[in-house]
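One chain, subunit A, appears in both complexes that follow, with subunit B as partner in the first and subunit C in the second.
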Partner chain A sequence: SPVMEELLHLHDHALMVVFLISTLVLYIMLAMISTKLTNKFILDSQEIEIIWTVLPAVILILIALPSLRILYLMDEINDPHLTIKAVGHQWYWSYEYTDYEDLGFDTYMIPTQDLAPGQFRLLEADHRMVVPVESPLRVLVTAEDVLHSWAVPALGVKMDAVPGRLNQTAFITFRPGIFYGQCSEICGAN
Partner chain B sequence: EEEEEEEGFRLLGILDVQNTPCSRDAILHGAGGSVTAGLLHFLATSRVRRSFDVGFAGFMLTTLGSWLYCRMNNAKLRVQQRMIQDGIKNQIVYEGTSRDPANKPEAGTPSGPS
Partner chain C sequence: MVTSVSRHPLRLCSPSDVRTQREGLQRNICGKDIQQLKMPDHIDEKLKNYRTAPFDARFPNTNQTRNCFQNYLDFHRCNKALSAKDQDTAPCMWYQRVYKSLCPMSWVQKWDEQVEAGSFPGKI
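Coming up: the complex of A and B.
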């Protein structure tokens, strides 16, 4: 989805900044190991202190600006064409399509021993949530018993399912296909 | 083997240079900037250690500058790509209807049957 593409770009940008910082630290370590200069009586140094105060602030701004941009992009109102309710249970999800007709179904994970060749372990489900492509969608997420979390990494979507609370998330996908997700909040008995 | 080729080479174990857009160009520009800056400083001052420091600073600045420039152009291209995709989609949807921007009625054209 476009949001996931933007998240990937932010990740690449942050990774490059992290790479440069790591390179700087490695270089400083090598320089300090190999130097012959020593000074037992140094008390302060205005120049280096200014550098190591200003530089981290600049780095934080460099990472924060694209991050905030995506944060507000994800919260934009997108006038959804379809609303789906996802309700978390122990241990299955139920979906309700109530915009046009009353349609609801439960979906269970296919156990490992029942998988057909080529299917993915711990990801396949018996009834998939089907959504139209190129349509902005809204998913209302809640839970019946304990905390769950509805997540589809390929779409850049994750929303906690809290009992007694209705959380909203939205996404749009431009590529048809099957997108997998797993419950992302501890919800087991042990 | 195909999976190893797709994974790519990771600098310091974290930066996938082959599969991250703009990263290869940024690192190469940084390497060139580093060598240039260090060499020029050494030729001017004959100080080896300080030339290494200057070369490293040149690497950081050149890599960061090249990265930011390439990413900004990349972002502009992505925005243009999305606008073109939306335009194509809308053109297909509205083609032949009154909302088609290419179907503007002319002033002297008679509207009734001739």
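Coming up: the complex of A and C.
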């Protein structure tokens, strides 16, 4: 989904900064260890202190600006075409499509011993939640018993399911396909 | 939900338009009850073109619990108010569509049972 793509770009950008800084620090460490020169007369050096104060501040701003941009992008109001309710139970999900008729169904994870060849372990389910492509969607997540969390990493969506509370999240997909997710909150005895 | 009234503002009022102020109903200049003037034409169109619950600026954040509960309350209050005046309850169907879209079926079922039993915690 577009939000997930933006998140990926931010992650790549931040990781590049991290790699650069780590490489610089590692180089300096190796250079300090492997030199035979010693310096006994350094008292102060204002220039380098200015540089190593200002440069990290600039780097932090360069990381913060795209991050804030995505934060507000994720919070944008969209006018959804469809509302789906995802209700968490121990230990399955049920989905409700009630915009036009009262349609609801339960969906269980397919146990490992019942998987067909080519299917993914711990990810496949017997009834999938079907959504239209290129339509803004609203998903309302709640739980019937304990805390759960509805997450689909490929769409950049994760929302906690709290009993008695209805949490809203929104997304839009531009590619047809199957997107997998797992409950992201510990919800059982083991 | 204000519908424009297709009457000339200087139309003379008929004697049957005059009512006492004590009834406390909203009046236009001819003393007609404004509730009667809100024709369900727009609401029929809105219901026919209904896709899903639209964005509600009163509830802009992640927590939509109150949105669902408020629409449930509004539906029952609307029904009660319009039935008391012997008017068509078609405009209330909007609230019903919205709460059906937003509220989990188990919540709606529980609240319906509470309303029937008289133990519903909200004020209707």
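In the analysis below, the second predicted complex is superposed on the first by the 179 of 190 C-alpha atoms of A that agree within 3 Å, B and C clash if a C-alpha of one lies under 4 Å from a C-alpha of the other, contacts with A are read in each partner's own complex, and residues count from 1 in each chain.
One rule holds for everything that comes next: contacts are C-beta pairs under 8 Å (C-beta built on N, C-alpha and C of every residue); 3 or more make two chains touch, one makes a residue touch a chain.
A quick note: this is a predicted structure, and the numbers were derived from the prediction, not measured.
Using the contact criterion defined above for the overlaid structures, shared-chain residue A:89 touches neither subunit B nor subunit C, since it reaches no partner.
Within the superposed three-chain arrangement, the count of touched residues of subunit A is higher for C, of the candidates subunit B and subunit C. When both complexes are overlaid on chain A, the residue A:12 reaches subunit B alone and has no touch with subunit C. In the superposed model, A:102 makes contact with subunit C only, not with subunit B. In the superposition on chain A, A:158 makes contact with neither subunit B nor subunit C. In the superposition on chain A, A:22 contacts subunit B only, with no contact to subunit C.
When the shared chain is aligned, subunit C comes close enough to touch A:80, but subunit B does not. For subunit A in complex with subunit C, the residues that touch the partner chain are 77-83, 85, 87, 96, 98-99, 102, 104, 138, 140, 142, 144, 159, 164-169.
The residues of subunit B lying in touch with subunit A in their complex are 11-12, 14-15, 20-23, 26, 53, 56, 59-60, 63-64, 67, 71, 74-75, 78, 82, 85, 89. By the touch criterion given at the top, residues 50-55, 60, 62-65, 67-68, 97, 100-106 of subunit C touch subunit A in their complex.
Within the complex, the subunit A residues that touch subunit B are 2, 5, 9, 12-13, 15-16, 18-20, 22-24, 26-27, 31, 134, 174.
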